[in-house]
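The structure is given below, and queries will be raised subsequently.
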């Protein structure tokens, strides 16, 4: 028996939306410490990795390890039926072929009940070693999303360069070239959210070239968190990490392009 | 000579928009007691029925019974040219081949004048006997529209079940099943409009299966009224009725599906 | 060396957007008195004419007359990367093959740098003699844009008639006819901007027929200015002029249709 109750349905919507841009199907892995989901896009360029701690749910119960095969588009359609402030409860039996979802309005007078058919999905877990990166950046997630969207008008790849000066995002193509430079400590001011300061922690300078198509998919996670952490080392997949309140995080690993191959 | 003046053009826009989802052409029937329009969709599954009382207009004049054949898409294009708060005056001669429309801005400094070409439309009036239904429901029109939209992600039909517990809306299909249960007295809270309470008046339990495509057309009438009345008896067309301020109402009769035929 | 700095990037966005509806490429002509751009659409029906005075920029420097060949779609893509309140600086060398653009955020912590490749564009300057028109109208730019949009539902051409009564905009087609009459002094009330009064200065009555397709392109300039000046003489191109703050103006000359040819 698996049961997990979350006070805001919006959180789960915001988690699933960006993942479904990368893959159609993925396993929701549940055990007594929490819920995780790892999903690799078909071209093996991007991987999402979700971690939700058991203590972020109330109640949380998972008697046996379960791997629930989810079609993410179908899951997203069902989550759309929840109000953003509905309480959401997920349930599955140990030998389940459905995931049961309950949405409760604030005062319990409206209760929605959905059953999502589960799939058998073959997937192998990619173990990603914890590691120290050469550069760690913390930046306004909305500002990063805007930079990716803007530079998409110029080319298909974006270069991220971190130096002592700050972090530079650049792209180029037929119509010309462009770059955005953000300095250590720069404030991104949003009328609603106040100032978010860019923090750059650099041990070695880094320069990576990334696909703007995938970056624009990843930044669909922007509503999850005001800030985004970017972890980089030359020639390694870049990790984009969005924290999900106090309960976990959604990360994306994006393989760099080899410039000669562009 | 027919003349009818309405203080808010928005009302007429909101009436015509949902009707044009069902049919292309319909007769606007005018007599000394008011204006009516009955329109049946091509597949004979849904029928709209509009009633506007003469005393809702000022002035209202109709010397002879007139049947004005209207192309609803053209009518809607002309109504778009009116500001929402414009005063609107409709006029037609007794042997008219045009319906004349005048829109006046608040202070009369802007006056728009349109002529809509009329059509000859063969139509027979379906007389719908007044009747008592087994269940009468009054519900937030916006909440009902959201339920129809949400459940469209799951299947093509929606079942409405009324029992002592409340009213349940459900749908299902390849990806799974879902239902929304609303109890007697439940509040639908809208930040702008305040709370709207669901009222269920049940003499007999009812279960009807309806086409979500048609329901989504019907709920285009949502801006007309904060509340929607649903009148149901097993195996009879369901009546969805939107009141139009103090001046009339727009109803939709929707034939139930026979579940075996789905 | 050419250099021009403008305190609000939004101004340049709003200038380029409507021009790019008419033409793909145009020369930005820079000299010591300011910047101008003249662009004729391929069918020679509409011409845009931009004038920006040197004293509207700070600093402004132009050592030699330059003609910078711009692809307007590419320019617009780059301008989208600027925040509306960014300070924008354009620079070009005397024998430049790129136009350099710098966008600076409010506090200088974010700096974007773009290079737009320049083109060689053959263009002959059409000299438009200054002249007195028979009618000069000043009208709310938003109201005029709405009239053009609305009447597009009825036909492909709009007639503008100016008489002692006021100015009448009319169109017609298969579904019927329509006209909007605005009197001298009529107020167009916008909740945000307050009242804008229509001013008509008529020496001779005028009647011109114009293409709604081009009018809808021209009214993309609406965000530039709350008011629009329309200058008309029978059988001459109509001049639609949007003032750009204190620094210049963007005008469009639109050739009238000969009604028989419609």
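Residue numbering begins at 1 within each chain, and the chains themselves are lettered A, B and C in the order written.
The working rule: a contact is a pair of C-beta atoms (placed from the backbone, for glycine too) under 8 Å apart; a residue touches a chain by one contact, two chains touch by 3 or more.
Because the structure is a prediction, the values reported are computed rather than measured.
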| item | value |
| --- | --- |
| Angle (degrees, nearest 5) of the CA superposition of subunit A onto subunit B | 120 |
| Interface composition of copies subunit B and subunit C: same or different, split at half | different |
| Centroid distance [mean C-alpha coordinates] between subunit C and subunit B, Å | 43 |
| Sites on subunit A at which at least two other chains make contact | none |
| Subunit C partner contacts - residues on subunit A that touch it in the complex | 143, 150-151, 153-154, 174-183, 185-189, 198 |
| Touch list for subunit C against partner subunit A, complex | 71, 74, 77-78, 80-81, 98, 105-107, 109-117 |
